[in-house]
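Following: one structure in C-alpha cells, then a few remarks.
Think of it as A, B, C and D in the order they're written, each chain with its own count starting at 1.
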Amino acid sequence: MSEQRVLDEHAHHIVGPRVYVTILFALLLGTALTVGASFVDLGSWHLTSSLVIYWNPIVALAIACSKAVLVVLYFMHVRYSTKLTMLTVGAGIFMFLALVGMTLSDYISRAWGQW
Amino acid sequence: MSHISPVIWQFLVKWLTNSALFPPEASRLAPQMDALLFFLILVSLIGLTIVVLLVVGFSILYSKKRHPVAVQVEGSTLLEATWTIIPLGLFLVMFVWGALIYFRVFTPPANAMNIYVVGKQWMWKAEHPGGQHEINSLHVPVGKAVQLTLISQDVFHSFSIPAFRVKREAIPGRYTTVWFEATVPGTYHLFCTQYCGTNHSQMIGDVVVMTPEDYRKWLAESTSGMSLAQNGERLFASLSCAACHNARPDARGPSLANVYGSKLTLSSGGTVTADDAYLREAILNPSQHVTQGFAPIMPTYQGQISEEGVIALLEYIKNLNSDYRVQQTLTTTDLLPGSEGKAAPAGSKSAAQGPAAQGKVKP
Amino acid sequence: MSSSATIVRLPDQSTARIPKLNYLSKENGILSWLLTGDHKRIAILYLISITFFFFIGGALAGLIRLELLTPQSDLMATDTYNKVFTMHGIIMIFFFLVPSVPATLGNFFIPMMLGAKDLALPKVNLLSWYLYMGAGILALYTMMTGGVDTGWTFTTPLSTHYVNTNVLTTGLAVFIAGFSSIFTGLNFIVTIHKMRAPGMTWFRMPLFVWAHYAASILMVLGTPVLAIAIVLVALERTIGIGVFDPTKGGDPLLFQHLFWFYSHPAVYIMILPGMGVISEVISTFSRKRVFGYTAVAFSSVAIAVFGFFVWAHHMFIMGISNYSTLVFSLLTMLVAVPSAIKIFNWTFTLYKGSITFETPMLYAFGFMGLFTIGGMTGVFLGTSGTDIHLTETYFIVAHFHFVMVGGMLMAFLAGIHFWWPKMTGRMYPEKISQLAAVVTFIGFNLTFFPQFILGTLGMPRRYASYPPEFQILNVFSTAGASILGVGYLLPVLYLTWSLKYGPIAGNNPWQATGLEWQTQSPPLTENFTEMPIMDHEAYDYEWLENQQTREKEAEVTSAG
Amino acid sequence: MPDSTAIAQGAPDTAGSTHGEHPPYLRHHFNSAEQQADASNFAMWLFLLTEVMFFGGLFTAYLIYRNWYYAAFVAGSHQLNVVWGTLNTLVLILSSFTMAMGVWCAETRRRRGLVLCLALTLILGLGFLGIKTIEYSEKIEKHHVPGAHYSLQSFLDPDSDDAARAAGDKPLPLDMARHTEVYFSLYFAMTGMHALHMIIGIGILGFMIFRARAGAYTAGHVTFVENFGLYWHFVDIIWIYLFALLYLISRHGT
C-alpha cells in the first residue's frame, strides 16, 4: 500500500481496502450460512436421557462468534494493535463469561434438587 | 456513680439485670450454630488483639521520641507467607464447619412433621396438616422435628426464629423449606427479616413451643373441623381433577395414588422426584411436567388456585394411597356445590396479573 | 506536643506566602469553575458536593436513630421510616461512598502522583461531575416529592409491583450516578496506563494509585450490570415486561443476581481507595516504606479480581441452589485473605519506624482497628452456616457500617487531613483535629458496636418498631450517633476556618515522598513547572533527605 | 455515547497553541500526539468493555429463560420475520464496511472519500432503523408487545396467524403460551437497547459528516473517526448475536 503515508500520530499499521473487502465478503458468507443452517435440522446428540446436545444452536453461535472475531480483528484493528488492547478485549470476554457462567451455574444446579 | 445521670444509671441497671446479650437456645440446632459462632468470635478476638497489641506496642517502642530514625525494612516473605496461610487455613475451617451447619438446616429429617407457611403482606399464615390455621403465630410440639414448607403470595419475605437460629426466605412462586426441633417450651419471637414494604416491622409473631400433651390439647381445640387433606379433596372434586386423574384404564391423566415421593419419568425424557415443588409446578405449569405416556392436555391452574388451595391439594395427594378415594371423589363431585372453586375461564390474563393472582378458592 | 514528637515542618510564618500563581488563583469567576478541565478544580467541586450529600445522608441517619430510640414507631409513620432509610442508603452509597475518595482525592492526586499534567480525559472528568450532580439533584427531587421505599436494593417484585413511590426517578438517578462513576474509573485506568512520567514504572507508583487502579476496574466492569438491571426494573414497572415477574414466568432472583454482581464489588469500589489512603498515611508518619510493597499492591488487584466472584453470598437463604452457596461461600473466604494481608503489612510498616501521631495517623489507626472488626464480621456472614442466623439482622448493618463508616469514612478523613495542606496551602489546628479524630472513634464504636449484639439477638434490620427488650442497646446506639455527629461537624468547622486563618503549610509539611509533595502547595494548574523524572522507588525517605540537603546547599551557595 | 464526543480532542480551534512545535490538535496535558491518540483509543476500548457488560446482563437473562421455556421461545421467534432480519444483518454489515473504509480514508487523508463513506454509513444506519420500525409495527399490530394488551392468540391458535402457520407451529398449552411474553420482553429489551445505540451513533455520524466536510479528520488527527468506528463495529457485533439468538432459534419444523 505504497500511497499511504503513516500519519504523525499513527505509529500503527493502516489496514487497507483489500482487507476490508475480503472481510466484508466473509461476513456476508457467514450470514448466508447461518440463515441456511437454521432451516435444516442438524439433529442432536443424546448423551444421556436428560442431557441432549442440539447442533443447531451450537452451529448458529459458532458462526456468530467467527463473524464477531473477524470484525474485532480486522474492522477494529485488534490484530494490528497493542498487547494492551488485546488484553482489554480479553478481559471483556472473560468478565462476560464470568457473569453468564456463574449466574447460569446457579440455575442449572437448582434443577439438581436439594443436594 | 452518683455523678452519672440517673437516667443512664437506670438504663444500665435495667440492662444488666433483665436484658440478655445472647439469644436463648431453644432448638437442637442452636447449640451447634452457637459453637461455630463462638469459634468465629474467638478467632476474631484473637486476631483483633494481635493487631491492636502490635499497633500499640510498635507505637510505643518506635515513637519518634524513642526511635528518632526509622530503619528501612523491605519486607519479609516468611512473615507475609505466615499471615497469608494462617488466615486462609482458619477461613477454610470456618467454610467447612459453616457448610456442615448449612447442610443440617436445609436438609429436613424424613420423619419431620410438615407445616405449611404462606407469607403475604404483612402476615404469616401457618397451615397445619390437621386443618388448624393460625396467623402470625406458630404452635409446635417440643422434641419433634418440624419441617416448614414456605411460600410467599406476593413479595420476598423471610421467616426467622432467632431462638432456633433458623431463617429462610419465603419466595413468590416457589417452595422453600427449613426445619427445626424445639427443645425448650416457651414463647419465642418470629420475625419477617426480608424488607417487604410498609408494615414490614409489623410482620412479627410468636412461636409457641408446647409440651406434647399441651400441643395435642391445642390441636384439638383449634381445629377447623376439616383437615387440610379434606379441604384438598373438596377442591380436587370441585376442579374435577378426578375427571382425568382416576385410575381407570382409559384415564387421560396418571393415577395420583402413592405418587408423592415416587420417581417419575417425564415425556421430555428426564426423571424427577414428585415432591411438593414438582407437584405445585405440575398443577400450575403442567405442559412442562408431563408424565411419560400422557398427552400434554392438562390445563394450567395458574391464577385460579390460591397458594392455600395448592397446599390443600398437595396434602390431599400426599395422603392419597389408594385409587379408591379418587373414585369416591369422582362420584361425589356433583354432590358438591358446583359454584365453589369454579375458576375463571382458563387463559383469562387478568387472573394471572401480578398481585391479582389471589385464589378464588377459599376452602 | 514537643517538636521531637512531630514531623510537621512549616515554613517561617513571618516570611511565608501562599504562591501567587496556583490552580485556585489561575482564573476567577464561577464559569472558570463550571467549565474547568483541571482535575484539581473538579476534585474541589466533588469535595463540596459529596460533603453536601454526606450531611443530607447523615441527617437521615439521625432521623433513623431517633425513631429507634423507642420500641414503638412513634416519631414517624412506618412508611416514612422506610423512605428515610431507603434514601439514607441510596444517598450514602451512590452519592457519598462510591465517589468519596476516588472523585476527590483520587481526582486531585493520581495525576500528580504519576507526574502528569492532568487526567487523560479532562472533559470526561468534568462530564462525570455533571452526571453526578444531575443524578444527585434528581435523587433530592425524588426525596422532596414523596421519596421511595424499596430499600436501596430495589428488590423485585416489591419494587416492580408492590410499591407506588418514585422508583423510576430514583432508579434513573442511580443509573446516571453509575455512569458518572464508570467515567471516573475509565479515566483513572487510562491515566495510569498512559500518563506516567518518565521513570514512573508500575512498581514505583504509590499504593494509593494501585488501589485506585483496582477500584477503577471494578467500576468499569461492574456498574453497567447494575445499569441494565435498573433498566429492566423500569421497563417492568412501566410497560410490564415479564423478566423478573414470577406471575409471568420470570425469576425475581435473577434481579438480585444482576444487582449484586455490581453491588458486591461496589463495596470494594468503596473500600479500596480508602486502603490506598491508609498506605500513604501509615508510611509517611512512620517514616518507612510500606512493609511488603508488592504484596500490598497485588492484594488490591486480588481483591478486585476475587471481588467479582462472591456476589451470591448475599443470597444464601434466598433460594439459590445449595451448590452455588458452597461455591460462593468458599470464594468469599478467599477474598477475605488479601484484606488480612493488608492489615498485617500496615501493622509491620510501623515496625522500626519513627512514628508520630498527627491527625491523619490517628484516623489511620482508627481505620485499622475498625476495619479489622468489620472484615472479621464479614467472615461471619460469608460462612454459610452462621449467615443463616445473622443475615438480614442488625449484625449485617453493624458489619457494613464498620467497613464503610469505620473503614472508608475514617480513611476519607485521614486522607482529607493528610492532603489538606497540599490542596489549600494551609494547615488546620492540630489539637482540635486530633480531638475530632478521637471523638469520632468513640462515637462510632458506641453507635455500631451495640448493633452487633442486637443482630445476634435477632433484631431484624429495616424495622421501624421493635420488641421492647432491644431498647437499651438501641438507646446506646442513638447516644453514640449524636457523639458521632459532633465528630463529623468539627472538621467542617475548623477546616473551613483554616482556609483563611490556618498557618501557611509550605510544599511538604509532612516530609512525605510522593511526587505531589515535591511541588508548590496549592499546586500550579499544570502541577509541575517541568515534567518530573521518577528516579527513585516509592516511599524512599533517604532520597527525600538527600533531596532536601541538596536544596539547602543550593540556597547556601546562592546566598554566599 | 456521550464520552466519545468528549474523547474527541480533535477541534483545531481548541488547540494548545502555546506549544508551537506541536500539531494544533494536541491537548496541552499530553506530551506527544501519539500518547494522546493511544490514550483516547484505549479509553474507547474501556468504554466498549462497559457496553459488553451492559448487554451481558440481557444475554444472561436470555439464556436462562430460553432454557426454561424453549417451546415458547421457538414459537416467539417464529413470529419474527427472517427476511427482514437477514436484510437488516446485511445492511448493518455493509455499514460496518463503509465505516471501516471511512477510517481508512481518514488515515490516508482522503476528505471526499471520508465524507462519502460516512454518508453511506449514515444512510445504511437509517435503513436499519427503518426496517426495525416496520418489524416493531408488525408486533404492535399483533399485540405482541408485553404488558396489559399482550395477546396469546398466535400461540394458542397458530392457524389464525400467517407466520405461525408458515412455520407449521402446533398450538402451545396455555401455560407455555403465556411464557412467550418473556421471550418478547427480552426481544424488545435487547433490540431496543441495540436500536438506542444505533440512534446515538447516527447522531454522532451526522456531526462527524459536518466536521469531515470542513476537513477536520483528514489533517492527520483521526482519533475521533477511529473511536467512532470502534463503537459502530461493536454495535454491529451485538446485532450479529441478536440475529442468531432471537431470529434463528429454530427455523426447521419442530
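Here is the rule we use: contacts are C-beta pairs under 8 Å (C-beta built on N, C-alpha and C of every residue); 3 or more make two chains touch, one makes a residue touch a chain.
Just so you know, these numbers come straight off a predicted model, no measurement behind them.
Central chain assignment: C. Criterion: smallest distance from chain C-alpha mean to the mean of all protein C-alpha atoms. Interface comparison, B-D against B-C: more C-beta pairs in contact at B-C. Note on chain placement: the centre of chain B and the centre of chain D lie 45 Å apart, centres being C-alpha means.
Averaged Cα coordinates give chain C a centre that lies 36 Å from the centre of chain D.
As a whole-number value, the distance joining the C-alpha centres of chain A and chain D reads 16 Å. Each of residues 38, 42, 46, 49, 53, 56-57, 60, 64, 178 in chain D touches at least two other chains. In chain C, the positions touching at least two other chains are 193, 221, 225, 248-249, 251, 254, 257-258, 261, 322.
Shared contact sites, meaning residues of chain B that touch two or more other chains, fall at 103, 106, 285, 302, 352.
Those residues of chain D lying in contact with chain B across their complex are 71, 150, 152, 156, 172-176, 178. Residue ranges of chain D in contact with chain A, taken from their complex: 23, 33-34, 36-38, 41-42, 45-46, 48-49, 52-53, 56-57, 59-60, 63-64, 67, 82, 86, 89-90, 93-94, 96-97, 99-101, 104, 107-109, 220-223, 226, 229-230, 233-234, 236-237, 240-241, 243-245, 247-253.
Every residue of chain C that touches chain A in the complex is listed here, in rising order: 193, 221, 225, 251, 254, 257-258, 261, 308-309, 312, 320-324, 327. Residues 2-3, 6-7, 27-29, 31, 35, 38-40, 42-43, 46-47, 49-51, 53-58, 60-61, 64-65, 68-69, 145-148, 178-179, 181-182, 184-186, 188-189, 193 of chain D are the ones touching chain C in the complex.
Taken in their complex, chain C has these residues touching chain B: 2, 4-7, 73, 78-79, 81-82, 149, 151, 153, 155, 157-158, 161-163, 245-249, 252-253, 286-289, 291-295, 316-319, 322, 325-326, 329-330, 333-334, 336-337, 340-341, 343-345, 347-348, 350-357, 365, 368-369, 372-373, 376-377, 379-380, 382-389, 391-393, 453, 456-458, 460-467, 469, 472-473, 475, 541-542.
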